[in-house]
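This report refers to the structure that appears directly beneath it.
For reference, chains read A, B, C and D in written order, and residue numbers begin at 1 within each chain.
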Amino acid sequence: MPAAATAPALTIRVQEADFDVGAELAALSAGNTGIGGIASFVGLVRDVAPHGRGQSSMTLEHYPGMTEKQLTAIAEEAMRRWPLETCLVIHRYGRLLPGDRIVLVGTASAHRAAALESCAFLIDWLKTRAPFWKIEDDGNAQRWVEARDSDDAAAARWAKAPGSTESR
Amino acid sequence: MKMLYFAWIRARIGMAEEVVAPPAEVRKVSDLLDWLERRGDNFATALKERRVVKVAVNQEYVDFDHPLAAGDEVALFPPVTGGH
Amino acid sequence: MPAAATAPALTIRVQEADFDVGAELAALSAGNTGIGGIASFVGLVRDVAPHGRGQSSMTLEHYPGMTEKQLTAIAEEAMRRWPLETCLVIHRYGRLLPGDRIVLVGTASAHRAAALESCAFLIDWLKTRAPFWKIEDDGNAQRWVEARDSDDAAAARWAKAPGSTESR
Amino acid sequence: MKMLYFAWIRARIGMAEEVVAPPAEVRKVSDLLDWLERRGDNFATALKERRVVKVAVNQEYVDFDHPLAAGDEVALFPPVTGGH
């Protein structure tokens, strides 16, 4: 087998452009045949326009510099808590339309439970810690999206040590 | 001290960033917020609901009693809403 | 936006050929802007050869007919338990090499918790219910892979009703 | 009755499938396993560890006390190991 370039343990990207989910996930395990599973989550823009009332859109603002720092810290925390080989977060900013990809989280591990749990952890923590703000345009008016208590609750469940990955 | 404002806090203040030189008695984040509020109605409107004002100093989340230094980068923003 | 073909609610495929993860996951949300997130898990062949002792491989045997029936039943159960828009399981059989993809599970929902939890449920249940058997060749000898108690435990945790997806 | 054997049970029996006509007293799965075991050492070796013999009738998992009918498709196999 020809030597493939192995992915860096941790990949963080904040960008305006779309990303290629298949290529990004394939890169997570490239050259590392110790990886048994890759879990991922792709967040998409939902249509918020009232039915048949034209085009909705969303614009994501962020804090350049702090965003990358926070995403790196979250990913490093995931790598401390679970036996991950590689870990990926790509988050877009700018104007997005319904169906567009917003975020990709990917985690690769020898064990599927580690990959699945850490993927859920990353997206939950990211939603309450990464400095992004959404303004929605429903085709009629713009409004800043409000933070949801359910997101805080989702993040809070990871505050305690995660369950043993062996028994899950 | 470099100030950065984001999302509806930026929109209400009407400015994304500025450099300020608060007086010496502004020692911590809550002092800075009090001082900013007195600078005009735009600041007062943007910052009145303290519960939803989040603060980062040098790109790290801090509490309102976090001490401030002259060279700090201080960002004010509402709760984050990224993800999807 | 041109009308895109919407994916069927449930896609089950058992095949010898590889699959395109990016294309399969994109198809899950095609034409449905009510979907907010897609969770997925890709299972990969790990290298079991002792270090530097040549090429290992794995051959997956299955029970044609029953496999599709069981995978469909598992996916239907996931769609009953969580508010999913679409759901996908692709499982390969035949001879596979280290790094090869074995299985893809994908779930799409308006809500990320539903997508993430049901994806974990599907892979856990699939591992204990879908009639596949692995024989590993470490380059020296062949052996049938034994079922693991940890897989039974992982599946058993879903026996009770899942936690409310709202609060997670 | 159509029999299907998989994985190491298939390998030990030395056959992937066959059609059998067990006697009338074979009414349920455990009767069938007992009867098969008496057909030769290959069957006895393949089926001796009952704990790890899984059974599907007409492509559905069943217990050892599941009743059998003449036209059934009966599959015997070890615990499954798919996934990844």
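Basically, a residue touches a chain if its C-beta (ideal position, glycine included) is under 8 Å from a C-beta of that chain, and two chains touch if they have at least 3 such contacts.
These are the chains along with the protein names UniProt gives them: A, C = Molybdopterin synthase catalytic subunit; B, D = Molybdopterin synthase sulfur carrier subunit.
On a predicted model such as this, the values are computed, not experimentally measured, just so you know.
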Inter-chain centre distance, chain B versus chain C - centres from mean C-alpha coordinates, in Å: 47
Whole-Å gap between the CA centroids of chain B and chain D: 72
Inter-centroid spacing, chain D versus chain C (mean Cα positions, whole Å): 27
Chain D, residues touching no fewer than two other chains: 83-84
Junction residues of chain C, two or more chains touched: 36-37, 43-45, 112, 123
Contact graph of the chains (line, ring, star, complete, other): other
Full enumeration of touching chain pairs: A-B, A-C, A-D, B-C, C-D
Residue ranges of chain A touching chain B (in the complex, touch as defined): 43-45, 60-63, 65-66, 69-70, 91, 102-103, 123, 126-135, 144-147, 151
Complex interface listing, chain B residues touching chain A: 4, 6-8, 11, 56, 59-61, 75, 77-84
Partner chain C, residues of chain A touching it in the complex: 1, 20-23, 25-26, 29, 33-47, 97-99, 110, 112-113, 115-116, 119-120, 123, 150, 153-154, 157, 166-168
Parts of chain A lying in touch with chain D, wherever the complex brings them together: 36-37, 112
Chain A contact footprint on chain D (complex, rising order): 83-84
